[in-house]
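Note that chain A is present in both complexes that follow, paired respectively with chain B and with chain C.
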Partner chain A sequence: MATPVIETEGLTKVFGRLRNPKLAVDHIHFRVEPGQVYGFLGPNGAGKSTTIRMILNLMYASEGKALVFGEDPRKKPEVLYRVGSLVEGATFYPYLRGWDNLKVVGNSRGGFDEARAKQLLQFVGLVGSERVRVKAYSTGMKQRLGIAAALLNNPDLVILDEPTNGMDPSGIREMRQFIRDLAYKYGKTVFLTSHLLSEVQQTSDRVAIVNKGKIVVEGRIDELLNQEEELEVEVGSLEKAKTALQERWLVIPSTVPNEPNRFRIKATRNDTPSIVRRLVDQNVDVFGIAPVRQSLEDYFLEVTGDAPLPLDPSSLPVGAKPHA
Partner chain B sequence: METPASRSRIQLNPLRPLLRNPVALKELRGRMRGPRAFVVLTCYLMVVGGFTTLLYIAGTAATYSTSGEVDGGTLGRVLFGSVVAIELFLVTFITPAFTAGSISGEHESQTYDLLRTTLLPERQLVFGKLFSALAYVLLLLLAAIPLQSIAFLFGGVDIEEVLISLLVLLATAIFLGTVGVYYSALTHRTLRANIMTYVTILTVILITTAGAVIALAVAEGLNPSTSSTGSEWFLLIVRGIFVCLNPLTTLLATQQYLVNQQTLFTFQYTFSNGTTTTLPSPWIVFTILYLVLSVVVFFLTTRHLKRIEG
Partner chain C sequence: MLDLFRAEWKKATGNRLLVGCTVWIFPILGCGALSLFTIILLASSGSRQDFINEPPRWDDIGVGVWGIANFPISRLFLISFAATLFAGEYQYQTLKSVLPGNRRLELIVTKFMAMTAFIVITFVATIFILVIGFGLICLLFGADYPPAVTGSTVAEFLKDLLLNASITFASTLIFAGIAALVSILTRSILFGVMASVFLTLIESFGLILVLALIAAITHLDVITDLYLLTPTYNSGNILQWVNDNSAAPPILEGRATLSLSESVIILGFWIISMVGLSILAFQRQDIQ
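And then the complex of A and B:
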């Protein structure tokens, strides 16, 4: 079995130990395998950046440890030479040109490889802008320069903390493509934090959803979203339709105020003909019926909601691991 | 990758490791960009030049009125000493301003993590910050040498004195610079780092000046017939420490021994019982002391930076 690229064991961070202690990260365990795109999801203040800072040895863990390529960066910081990172937004020296900023980063890592820097500028689409001072860059350009800086030393692991923060939709789409290319074209392992769920859903193989410092759920995206299927039905009369269907299927009324005749039922796509037949037999007008696919966003809101979370393992989807 | 050609260039250019320090390079470029560096240099030279002109006018009038002719040697020494004193005053206040924001500024502009994630060694970060600030201070000192050299037109000042003053000013700048970087590493706020640096410097100046004056007064108050050589030695060492911890008193004492004893590296001290002893000149003790203290503060700074955020 390959050594995990990142493995945390009871990683914990408490701020302000003496006065008013705040548990920012609470005994989290997760593993990132080589070649994976691992999404670390959570609302603002959930502990995502703190976790990254502990992995990168920018901050001490109060308890537990984070291993990178099987090594503890506190004892062996050289292991972090195999890591490229973009932490808490791309910040650069505004008075220097993009190229000079890359030089500062490259030289700080022990040597600046001009050929590689040029390749990376091509990769992130900044060719022609490298001679412009960073203060004239848009947020998207800075993020792309941040990606180029993170990749300068040709790392095996790329850690991206909210890489799409402040980017416009086209920038977000480009970033998604960069991340996919990093993993699937260049074989890098990517650890990505975000609160933009569609981005994570489209790029990550595996996710951990973190809330209030704890991992609420962790697993493969396809497994997490492989929930019991639902169908959405729109009819002429809700009451008649409910009477016709509820003896066989569970009917969930719509909560959308201006769509009173739309509801969901717990049923599979294969049940569609039976449902339509039954409604027509009962003289109910059918305007539409379609399977409902749960998005990561729905799932995220479900597990990070203020209400107590369903941590009973039986309530979780197949493959998902509950975290206490 | 380092090629044989690049290795030979390193051997040929001893400054190359220094100039390869990414922080030093970035800082130098940042410092010399825009009008600030040139405005500071111009103002500095205007202040030193203005005072030199005023001192020249006042000095000429004073020596003429007392002796009926201009005493070139006295005028030269007064001009030289005053220019060095002004330079010392300006270096004391300018150097911390350049260094006290060096690391805290990285926190404030959120670029500290950028540097830390590159695994840049702490000593390189501190050295780069210090070197860039001191390079600029050195520029200020070198730019004022022509003003110091006006004294040569009147005589009374040797080239050794100019070199000693430059060395003392440089050692002062190095020490004050490291103190500024230390406080900058200690706090994430530039304003706080500035305040802490200036309070420390002013405290050192006040305590050493007061200590030197008190020790001198006590030594002069000793009764030669009753005092022992041991107590005189003790007071001499105490006074020496205070004098040699303060650049101004160091320069004054060095100048006094240069004029009275015509010695550059040592001076003779005569005890009340008539015995004499030879001691190193204050500027030597001062320079060694300040450079050693600078190294200590430098290591304290790197040690603090090694401590990961708790």
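And then the complex of A and C:
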């Protein structure tokens, strides 16, 4: 079995030990395997960035540890030369030019490779802007330079904390492709946090959802979202449809005011022919029927919402593991 | 370590406004002083005659430059430079990019080294400017430029230069340590510079008044002597011992003075404490 790229064991962070101690990260365990795109999600203040900072040896764990490529960065910080990171937005020396900032980062991380830096500038679309001082850069440009800086030392693990912050829609789409390329074309492991859950859903293999310092749920995205399916149906008459179907399926009328003849039904995709047949037999006009799958966003809101968290394993979706 | 030094050097030299106002100001002022002096000599025949009769000594000029760096007002510029170098990393939130992969000790030691190298190079440049500049002025007005350059005068000059440079370097390191510590704790350039400058001013000018006041109130004269423990007094005392083989005169008449070795020990203690404390604070700190 390959050494995990990241492995945390009871990782805990308490701020302000003396007065009003605040538990920011509470004994979290997770593993990121080589080549994975791992989404690390949670609302603001959930402990995501603190966890990343402990992995990068920027903050010290109050308890437990985070291993990177099987090594403890506190004892062997050089292991972090294999990690490229962009944490909570790209930050640079504003008085230096983009190019000089890359030089500083490169030299701080084992040596500056000019050819690679030029390649990366091309890759992030900043050729021509590298001679401009960073204080004149837009947020999106800084973010692109941050990506270039994170990849300077050709890392095996790339940690991206909100990488699409400040990017326009086309930049976000490029970033999505870029994250996929990193993993599937270049074989990098990507550890990703983002508020754009649709992006995470489209790019990640596995996710952990953190809330109040704890991992609430962790698993493969397809397993987490592969729950009891629903179908959305649009008909000519809701009442007639209900009569025809409710004997066998649970019918949930739409709550959208302008869609009186649209409803959801708890059924799988394989039930579609029988549902249509039954409706047609009962003279109900069918305008459309399509499977509805829960999005990561819905799932995220469900597990991080104000409602009690699903701590009972039987209440969790298939494939999800509860975390203590 | 060399790569880290390169990175620190780039950070320091790249901030032209900072280095221009706090470090390059010394060679710039040196050039200004030379120009002003030349204008005065050109304008006033009396001054010109005095200059020819009593020409400056190139070795005194060279060694004297280190005294400028040790002067409390000059020190404020260097402290501002040091505080900005350290606090800048917090204000610009750049430690998260440069710290992973490095040992914190290496990083902060490299920062001290780069800062020191920068200051030393600047003052060596100032020495060259002033020594060569005064040589040209002497040549222009037909004055001598003693002492004659021989093996022994150069050797003596280099010895004095190194001694004075070491003392200035030691005292600068203490105040850079204070600036680093304050910057690491306040994490802001403005607060770092303000607090460091305030502490330096108190140490250089205000402390003796406070101690004298407390001594007067408590009728315990010995309290005034606590001034003998300050970096300013001890660096000045060591310079006095090195240059004149006598202790620096006490601030208040009749009070005690310290020997060369006592001052060396106290200065050494300050260096280790201030640099050590800043390293310790940085080692233990969570980077936000």
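Definition applied: the second predicted complex is superposed on the first by the 323 of 324 C-alpha atoms of A that agree within 3 Å, B and C clash if a C-alpha of one lies under 4 Å from a C-alpha of the other, contacts with A are read in each partner's own complex, and residues count from 1 in each chain.
Keep in mind that, in the parts below, a residue touches a chain if its C-beta (ideal position, glycine included) is under 8 Å from a C-beta of that chain, and two chains touch if they have at least 3 such contacts.
All values reported here derive from a predicted model rather than from experimental measurement.
Taken together through their common chain A, the two structures put chain B and chain C in a clash. Contacts of A:F287 after superposition on the shared chain: neither chain B nor chain C is touched. Look at A:F92: by the touch rule set out above, it reaches both chain B and chain C. Within the superposed three-chain model, A:V105 lies in touch with chain B and with chain C [touch as defined at top].
When the two structures are aligned on the shared chain, A:N57 is found in touch with chain B and with chain C. In the superposition on chain A, no contact is made by A:Y186 with either chain B or chain C. Of the two partner chains placed around the shared chain by superposition, chain B and chain C are both touched by A:Y81. Only one of the stretches 3-11, 21-29 or 57-65 in chain B has C-alpha atoms clashing with chain C after the fit on chain A, and that stretch is 21-29. On chain A, the patch touched by chain B and the patch touched by chain C overlap at residues 53, 56-60, 77-78, 80-81, 85, 87-88, 91-93, 95-96, 100, 103-105, 107-109, 111, 149.
By the touch rule above, chain A contacts chain C in their complex via residues 53, 56-60, 73, 77-81, 83, 85, 87-88, 91-96, 100, 103-105, 107-112, 149. By the touch criterion stated above, chain B contacts chain A in their complex at residues 1-2, 20, 22-23, 25-26, 29-30, 33-34, 109-111, 113-120, 124, 308-310.
Chain contact summary for the complex, chain A toward chain B: residues 53, 56-60, 74, 77-78, 80-81, 85, 87-89, 91-93, 95-96, 100, 103-109, 111, 149.
Across the interface of their complex, chain A is touched by residues 3-4, 6-7, 10-11, 14-17, 88, 92-103, 284, 286-287 of chain C.
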